[in-house]
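To start, I am sharing the structure in question, which I have written as structure tokens.
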């Protein structure tokens, strides 16, 4: 398909999404505020300290949590370090290209990171090894395998699941002994993200790719299990209204509890 | 404007500059060896250890001097380190492009650096903290905001002004305390640069952009307040003659004293 | 020459190479398993710890061996480190381009590296300075000056010659004293590489560029002076057969001894 | 964000902030329009300790060409911090934070600029943070709007931005650096003042729903005040130029 | 390779390997075809501790265009390790090893894929190593072949790959991670099973001629076994789809 | 430059330099023309401890095409140091110094090469520093001129270069490495010998006006001597080829 044909096809799709929205309908016949079926596989890969695969409809994301030892930041000498990275590898979509992270993968990594960081998910003080000298570095790597929209919610869920099952290895004589466990990852809060798309004036949760690309605007709200909002991010060229934000907050808490329950069930198994 | 129109327009401008030069005239009706009006604002921004904005006609450059602590070079274990960097940010000209420094910004940074380094402006021995282990690093960052020719002179003037007003922060217990001052930047010499453009056989000082781009050659001469020449750089495809160099040296000392006086007055205020 | 003309010319050349091959002939009238004339100049440049220039017909490669001190790898705390790098600088061929190493120069460096590494040429234990803390790093830099095919054999020969004549400098008080020698490079084995090209079903040794580019497949076999094969690498889109590999092994040992003798003679002088 | 507050009090016993402001006060803002010679439009903004320069180039031919859009102008937005804009030298070049800010700022302007008037062209917006004191993305976007106006680019509205945060447990407008470092949340926001539409919106920190909505409304009010200042700055600039023109006639 | 064996025994007194295999046994292999939605073809492979995902896109327009070939499709192959695929985090992006593997893997497929059917297009093959346990380049190429078949790209044969090595002085098939780390050689190989042609071939380690040839024949046999599994996996997939089709008719 | 002289004497009591030269002596220079097979023109130069290889390709099609100039050939100049050319290994790839040298060297050749004869093409000049001993940019430019001549590119003159500096307080010609490291100034210069025009000119160090002019005249004289050697090298090369041609006729 040439670029021109691609664009033609896309305009037709977008028109269709908008026409449906005007009737309060979605392309996959889902309810307005329903998530697609979600499958969570904790410990999907076993090399890292923790991992999880999340399938949200046809969107598939793997999160791996790798532990390393580094120097703490000067302004937080007694805390571990959190680093989140995302790769939109070209395997996952005809529109992803090889190369260094572009603005989309950077935004994806940073929005997942902010939810976890601002929600104070990890007790970073427990990851100090020697104040000012050595601390655990927690790398969260998000790897997208199949991209059908709503990376933020799937990625945040995969990252949180991976953190929940992650083990901190032993550290002795200046060496990481990955075969032995010193403790579970110290988790203080359960954070998930809920993303809304606004198509004309129709708000939907968990947009598929066709909805995401047709949407006027997108809003992601991260909630905690103890009733806080810990991050938000608007995207897209269109506007959102104050009353729409108010509506989405309530829905975000409701959907957040739903996601947390699915995650808890998946981990228990 | 397309690239082609751009080039057409440019050829017309260049013809005009050359025709004027043949009559001993300049595009802005200045005298052959006159600088444009110069405005110097020391401490223009206050985050760095020292800073200055210089306006030379419509050319605007900010220099910031930032202090950090690093390891001295093995061959000068008891000296601080000087690093000069320039960014031709795309804000300043339709011809600057985002991206890593190109050959023009590298030459700019290196010519300003050489004047200051070879003129031994900074007493680098006084910037040693622990010989062989720790020394102050002096970063000079040149940021061009508006580009109408003769970056070298404006940049050198901004860098020198920023160095003259810069303070070295305190360093205690392996930490930089930026709020407290340990000493003024140790300055040994006042160096400025004077740039000539040669348009056909017409020599002018402080070329505006149209002159700079039309010029056959360019010569920059850095002078010190105690009568030395400490750097020179020819640019451009055209030739210069030995007797032209001799003439420009005398002018460079004269113009250098003029620039040093303006700088001194600006700092005193 | 335009890209199109270039490709036309190349097709004609390739046809010619294949027609000759069908008659058992080569473009330069060499015997099927003959190397081109080989010239080896040890210590060609004198700044590095060791160096050599190798001319194999019109292919010219310089290898430089530079010594530095670094931290040993955690899993081999009492061993030195070997790093091999190749640059196909644009001086050497109309088809080499400036820029970071491409897949061809990376393969070249890695195949030369593997012969030396897997053949255990250097006694890396003797290059330990302080176990776990400090060890010698051996950088082999391959610089191609003229490219007329078979870089692997010429590069391996240059690298081995450079290693054979390299001296390890003194290391005292945390400093490398390059003017003084602490020992010869500790060499355990003599490894060379022999490359075959397969043109249709015609196998030849040491292909010139026209043969290399026309070849269906390429096989490089690294042999040691004590009767081992220590590396192999197939390249090219065409297949090779098991019995062809068997034939090439015997030839690789024979040609390897020939190359080792030339190298030994060149070093003795 | 995140509670690394080493016992620093951000509000005094009278509820005043470290720079003497009340909870709902903006810092002093100064706007200058048309300050650069080479750019097609420009604006300089001082906002508390922030110093920001914005420039607009275009509409101009798209390079590389395959990015051109036959239906509208392509909008580029580049937010960049000068190496000397912060205490520790910032390495030159875009980092991940700058890339994200550039993306959402471009999104905010995408439907405000009448890009449909200039198919097959691009409009470039460059903002340099010369001195940073928290709230730089709001200052940058506010300056960018003025630079677009100065460049004569037709727009549906003049985008204004402001942030609200939480310090010592209270929601407050327009945090400065120390408040941002030791505060508990940050919510930058940009609006189309004519409609009240929210164009840029982010939040980080830990907030209850009530605090979240309070921040939202406070930031909205702040942005409206900023919008008034923008209008005044444009009017003053326009008046001066008109007067200048009349002087010529006299 | 290279003898950094700190006294670790890779064969027990009965000649069994650390995971209980005999010298000539493959690890368990599981193949799934058509597992991704967005790719034109895909395959997932578990091979011992390796987890590998392959996807194929194309034939599609060539970008950048000047790379297009008027006589055949351009083949792209990208082997990539996920950061979490190994114990120490791998820095994202291609390293020298990945670039070399991608090159020789593309070479191996170049004349198998009927590129002459699709002039002026490109066919992209992406393989992600999600979990690595030695032999990843063979697993990747084996998965890539299945993904090409799933994408309906016409091929002269279905490429299969396998490696042989030497552990504790004995030649053995299909080394796993510990055997690779402390073993004495590695010889990965890929074949066109119909002809027995060798398409990818590498060796490193110290081997006598006899050991070298023994490894070669062992790896060849291994690749043939892998080829049988590939055929079965395709047949099963095809059967299910055919049955599905018949169900619809009933 | 800059006085990091740890008590090292660069001149002995008889005024001789560390390699026995007088103040105004050049180091030994050896020139070979046409030494590479693949390049369109090439030259190898030994100048004291410097070993320099220059190659010229072109005129050839411009890539990328949008850089082409319809009025003249585009000139490219790439000065590059081999990693082993200096005592401490130089990281491969262009650094800031190399980029600056490449720029001013290209400028120096821009009007000497008759680029107007070859519109819409490019001429590439590559110089590799194989061994460095101070004065490499002058050696490189001198070699590049010979390579251009060898490539048959029409030129207005044959550019020659040389440097002068100051050691132990005296102006001296053609500094070598130790003199450059512990000396007080460096003034590289390139000329068009026919006209005496100065094409490349730099200085760093601390010099009075008198010392500056003395250096300038000394470097000029040096460049003229280098020019004579260039002419001789070309004549010898030409003579040999001509003789060869006559031999054929006999």
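Think of it as A, B, C, D, E and F in the order they're written, each chain with its own count starting at 1.
Definition applied: contacts are C-beta pairs under 8 Å (C-beta built on N, C-alpha and C of every residue); 3 or more make two chains touch, one makes a residue touch a chain.
What you see is a predicted model; the values in this text were computed from it and never measured.
Novice: Treat each pair of touching chains as one step and give the shortest count from chain E to chain F.
Specialist: 2
Novice: Counting hops between chains that touch, how far apart are chain A and chain F?
Specialist: The least step count works out to 3.
Novice: Looking at B-D, B-F or C-F, which one is a repeat of the C-E interface (more than half the contact pairs shared)?
Specialist: B-F
Novice: Can you give the whole-Å distance between the Cα centres of chain D and chain E?
Specialist: Here chain D and chain E have centroids separated by 52 Å.
Novice: Using CA atom averages as chain centres, what separation in Å is found between chain B and chain C?
Specialist: Roughly 47 Å separates the two chain centres.
Novice: How many angstrom lie between the CA centroids of chain B and chain E, rounded to a whole number?
Specialist: 58
Novice: Taking each chain's centre as the mean of its CA atoms, how far is chain A from chain D in angstrom?
Specialist: Taking the average C-alpha coordinate of chain A and of chain D, the gap between them is 28 Å.
Novice: Do you know which chain A residues sit against two or more other chains?
Specialist: In chain A, 3, 101 touch at least two other chains.
Novice: Two-or-more-chain contact residues of chain F, please, as numbers and ranges.
Specialist: none
Novice: Edges wherever two chains touch, nodes for the chains themselves; is that graph a line, a ring, a star, complete, or other here?
Specialist: Shape = ring; chains linked end to end, path closes on itself.
Novice: Chain sequence round the ring, chain C first and chain E second?
Specialist: The ring, traversed starting at chain C in the chain E direction, is C, E, A, D, B, F.
Novice: Mind pulling up the chain C residues that touch chain E in the complex?
Specialist: It is residues 75-76, 101, 103, 106-107, 109-110, 114, 117-120, 219, 224, 227-242, 245-246, 249-250, 253 of chain C that touch chain E.
Novice: Considering the complex alone, what residue numbers of chain F touch chain C?
Specialist: Interface residues on the chain F side: 36-39, 49, 51, 53-55, 57, 60-61, 78, 80, 82-89, 92-94, 124, 126-128, 130-132.
Novice: Using the touch definition from the top, list the residues of chain C that touch chain F in their complex.
Specialist: Residues of chain C touching chain F: 1-3, 44-48, 51, 58, 60, 62, 64-66, 68, 85, 87, 89-94, 98, 100-101, 139, 141, 143, 145-148, 178.
Novice: Under the stated contact criterion, what part of chain E meets chain C in this complex?
Specialist: On the chain E side, the touching residues are 1-4, 96-97, 99-100, 102-104, 107-108, 110-111, 187, 192, 195-209, 212-213, 216-217, 220.
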